[in-house]
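Below are two complexes that have chain A in common, paired first with chain B and then with chain C.
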Partner chain A sequence: MDPAPRRTISSFLLRGSAQVGLFLILVVLWAVFANLAPGFLSKFNLNSLLRSVAVDIVVGFAQMVVLATGGMNLSVGAIGVCAVMFSGYLMQVLGLPIPVAIAGTLALGAFLGWLNGFAIVKTGVNSFVVTLASASLFSGGMLILTKAVPLNGLPPEFGAFGKSAVGPAFGSIPAIPSLAVVALAIGLGLYLLFKHSTLGRQILAVGANARAAEMSGIPVDRTIVFVHALSGALAAAAALMLTSRLAAAMPAVAGDDWLLPSFLAPVIGGTALSGGIVSVVGTILGALLVSTIRSGLLVLEIGNFWLPLFLGAFLLAAILIERGRAAYVAREQARRAL
Partner chain B sequence: MRSFFRLQWSGILVGIIAGGIALALSAPAFLSEFNLFVLLRSICVSLLVAYSQMVMLGVGQMNLSVGALGGLVAVVTGGLMDALGVPTLPAIMIGVAAGGAAGFVNGWLTVKTGINGFIVTLATASAFAGINLGITKAVPFYNLPADFVAFGNGRLGLFPLLLIVPLLVTVVLALFFSRAVPGRHMLAVGGNAPAAQLSGVSVPRAIISAHVLSGLLAAVAGILAVAQLGSAQPTIGSDWLVISFAAPIIGGASLAGGAISIVGTLLAVVLIGLIQNAMVLVKVDPYWVQFLLGALILAAVWFNRYRAVRVGES
Partner chain C sequence: MALTVDKASKSFPGVRALKDASLELKPGEVHALMGENGAGKSTLIKIITGVHRPDGGRLLLDGTEISLNSPRDAIRLGISAVHQERNLIPRFSVAENILLENLPRRAGLVDYARANAEAKKYLEMIGLVVDTRTEVRHLSVAQMQMVEIAKALSHEAKVLLLDEPTASLTGEEAEALFALIKRLKAEGAAILFVSHKLEEVLAISDRVTVLRDGETTLIGEPIANMSRGRLIEAMIGRAERIAVVRPPKPATGAIKLEAKGVATAAGHRDISFTVRRGEILGLYGLVGAGRTELARALVGKDKVTGGSLSIDGKPAVIRSVEEALKRHRVGYLSEDRKYEGVVLLHPIRFNVAMTIWDRLAKVLGFQTAAGERKAAEPFARQLEIRTPSLEQAVGNLSGGNQQKVSLAKWLAAKVDLLVIDEPTVGIDIKTKAYIHELIGKLADDGLAILLISSELPEMVALADRILVMHEFRLVDGFDNDRSYEAMSRKVMGAIHRHADEAVAAE
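What follows is the complex of A and B.
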């Protein structure tokens, strides 16, 4: 039964979960980029990579919680821009204290998400269509109200947080940016929600089989409304992080730019589009993979303009490699079971 | 009369007529020959974009790369004419072929890898946009043949020459989905893929054909956009996503697949064009167009469901 010692490491790597495979791809990419471009591991590059990946992780979470129920939220970016401008309005125009502005922005995000969930449950229309329409409504409404004028006079402390870091720096290893700590804290909260709370298990049950969940007494409609409100609040959190990183509230950020990252991070990380399966760790690794590829190609100075091509190709390749590994594992297990 | 209201697109037609009358009364410029020409020309590209997505909805899939694919074909065609000096007709043919090839890549990847088509086309959209930017370095191709640009701006009275292409495509698509075997196969796969497979329909072939057809339609849309603008802008297609889904869905297509309406899609594009035209005529903030488009999608799906329930009851 026991595999030969020589095979243990390789079999561990092959038999591990999807997240292990993803982690391996990441390690290989980091080794390649670090070798090809010394600038990749510089303090400056690592710091900027971690600060941008922190936002992408939370954007991925905003999509992940809806994917858990088998739905989609195409308005993540639209809620994001609304939250960006609303936070700027609360801090700069109304002059509210930062914690109040943060709470107000998160509440707006949750409310817009709730509207999505409410419309989906009440009309019975597919979440794709409802959120496609609400994305137009939200960003159109935001532009009508703000006239697309950016807000640059945010409190300096708010922008300073986006640049700050926690813990000491060791040699070339930089301190951890505060934004990355925020992303990890949100991840921990979601991990506990999905792993150890009744509500989280109910969300996954709805995603795996809504009819069966309904018959087991789970309030399916209420669960769907909840995940959309949570998705809105997470999009607003990502928006706050982005506003803090840029130290300004700009209407041109987020929006359509979030569509691709919001799906890639969870899907690469093993979250199923059909619902019922999520991975918080996978989403974090997925966002890291996307940012690593982007950052690595930028440091290697492979023409900026070609970047989206490589990004699309690398991502398909990463998904394919992971699929191939999972299929190999399944075959191996079937063979051993005989 | 009752059978008219049972038709899926009856609501849209009523909306177009009521909106048209209201607009003609409030803004006399609406009925001027030039305004009607502008209105008709504005729907040419949208119509093909909508058909490109409608085909995918028919087979029960989505194509998020419609805009990126159309944009890529636009700059490839423009680049062939401007940088390489290829004559108009061969350049257009190569552009359309490139669109079909890109659609084939979408379909082949979806079928062969088993990855959800939504994710595949999201990734290829990024790839196509990257090739577009890599070729153009974000600089448009301006130097296009005069006959090509003249076609994009030409008109007979209020009838734009450009409109010939989408009208022709409409007829061909209507025949394809009602009479041709591959068209019927696509709808069968969209309606119930396992049942279609058991009935001897090749599901992979139907999905790949739908992707190729979608790519061809997006390619023609991209080329028409170049003719209309008079230059091959790298930004062509970047704002097609919402309209590509909005028109077929307002027109009554089901996201579950198998049910599409060409007349409904056509009327939905006209209605959206009418709203955009109205915003210009009554001088409203252009941002309202985006807002109203969202409201219109929601209202239409709501209305369609309500109507379906009522028809089911009677």
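What follows is the complex of A and C.
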């Protein structure tokens, strides 16, 4: 017997999921930045923000799917670098059609991820250790093969896609960049996977309690290999998006730079490091939060040296506010249960 | 020290765990705390040990009101608990574990000579003979428990809480523990003894407090005035149900599983038996006899290294639990509910549907929560799982209800053979009787059941035949004539005979 919903802030906070708090924080930040720096809401800034956040979101997804099983993938960046260079090789050196190059790159990512999963399952060694080693292995192999020479002669259509947008623009609000649409489409696919598929449920069962899952007839090893292959494919997808955005394949753009954001977005968004709980929407909001703070500080022309400090402070504050909201919800529910 | 809980109340989201519960613990007494699962025992213990703060009511120590903000506060005041979940550090030595918070130091470094000497003092107090330098992980469960008690003594505990201390002890080990409890009592300790086992409570405690649905139905009744029946009545609100005894029935169903000379990686040799549909085959043995290990080999979790298995008359190799379930329709209800039976984080419907996702899946493996709820509903109703909704996380249910969820999962899977391992460990009397009744009914409906239990009354009440396992071998087997005395004589005789032969062989 729920009491009739009252239109108060407290009831709004209560009914919302964990992601509502994150959304509110985002809205407040946008309002603050828009007020302090008019440049923040400029068409140019919003467009560049959305295009870069699109890549961050998919990088976050690549980590999220492995976190779901309670593991982690430290080689998302390394796989990303391999995929960047491989896509360039396929398009520029071999001159393959773009769709074939995309399929080939995704397949490479999935294969490298599969190698991770296979090694983890066969050796029984923790995913942290295995992917730490494979990260060096993958990026080292890529450096030897490519000699770290950037490939600048990609087909122009490929670069054009990274700058294109969908739908009409309204005043200062720009049309939605195609890259953001790609990120949202991938998000929709993952949402369906976790919310509405056997495989997604198996992943969450393994993440929450691998022993109980195995003793209930769930193929735990196969599930773990699958998430790593999926993680590799998602890292490759992010690499393709990045290559398209920069219209060039450069080895220095991914790698270690991806590691922190890959964890930040899902974890801020409510994905449990211990496994069993994921949030696709949360990962999107988490990536948005990180990018918003970074972009806002850039627009405010805060010195580059200050950026990490402010970024850290803002993130901590955002996480604390969300924790506070969650605690408030728990208290309220306890009170109402009486 | 006397500890008094005066009308304590505590609520959690969705449940009122305690309502005006009172308890009065005096020095020099063993005070039993009883109640079904979910009656509020754990909550009361957590209030006394400073884990939870009560919403209402008072806590008094020697008549002065105290307020506990953390387990540390409780320990500082001399209240120590020995929990079911052991709080020892496996790779630390006995001495390090006992003196963990105040290891003696010299020049900033741990003074091991003094630590060992001091720890030895506590071990002597409780009469445990082990080297204080041994790592705790090498000890037996009973020894670990003793070390925990030694640790409590090192905190100068005057109030000692023992939470289900005999749950994983053998009869002999339990006797040793009781002797220790009596000694501590004689020295003036106030001991709160939490147990499910009526006999233990009647044998060892002086007074008893009983919780039912969060309220105290008996407060500090002298045990001399109590009987089994009255205790049970206080716990469940009516007199004990007589254990269900299945009428003897000739096994006529088709043979579901046949083992011939099976050997396993775990160490079994020459295991042969058959289980028929509609039959409950009991597998009895002492703790460590190798029963659970055999079950794990049968469902593909461990390796079968010799002999042969056949299922439905055809030779079968079972390489994984998945294969056992999907190809051979064999399931395993684990004894380790929390770690192997259920996924605590996820809702009831998710847990029940876990074994049947393949069947629920639509195009491209499409699943919905509604589909799972629909599939889980009949079983939740059949098993009377007490919950406001199937969306409730299993971690929020009581132990008995968790076990029902674990069982529901296998009923939903419609297996032909279910290996049931210690189905009623740590489960309250009412749910226990209910689960017994259910197991009987399942067999009547044609399920083949291999029942593993170390409780002989449970075996005698349920099994059609009883196999006896000792040291990873089947040493004998009997038809169950439903007479507890006769069966226990036969079973114990078989075990002793085998033990004697083993000694003679050496």
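In this section, the second predicted complex is superposed on the first by the 328 of 338 C-alpha atoms of A that agree within 3 Å, B and C clash if a C-alpha of one lies under 4 Å from a C-alpha of the other, contacts with A are read in each partner's own complex, and residues count from 1 in each chain.
The rule is simple: contacts are C-beta pairs under 8 Å (C-beta built on N, C-alpha and C of every residue); 3 or more make two chains touch, one makes a residue touch a chain.
Everything numeric in this text was worked out from a predicted model, so none of it was measured.
Looking at the shared chain after the overlay, A:323 reaches chain B, while chain C stays out of its contact range. Put chain B and chain C next to each other and count what each touches on chain A; the higher total goes to B.
By the touch criterion stated above, A:44 is placed in contact with neither chain B nor chain C.
Every residue of chain A that touches chain B in the complex is listed here, in rising order: 119, 123-126, 128-130, 132-141, 143-144, 148, 256, 259-260, 263-264, 267, 273, 303, 305-313, 315-316, 319-320, 323. Within the complex, the chain A residues that touch chain C are 196-202, 204-205, 208-209, 211-219, 276-277, 330, 333-334, 337-338.
Those residues of chain C that touch chain A in the shared complex are 11-16, 299, 301, 320-322, 324-326, 331-332, 334, 339-346, 350, 353-355, 357-358, 360-361, 364-368, 409, 413.
Looking at the complex, you find that chain B touches chain A at residues 62, 109, 113-116, 118-120, 122-131, 133-134, 136-138, 241-242, 245-246, 249, 255, 285, 287-295, 297-298, 301-302, 305.
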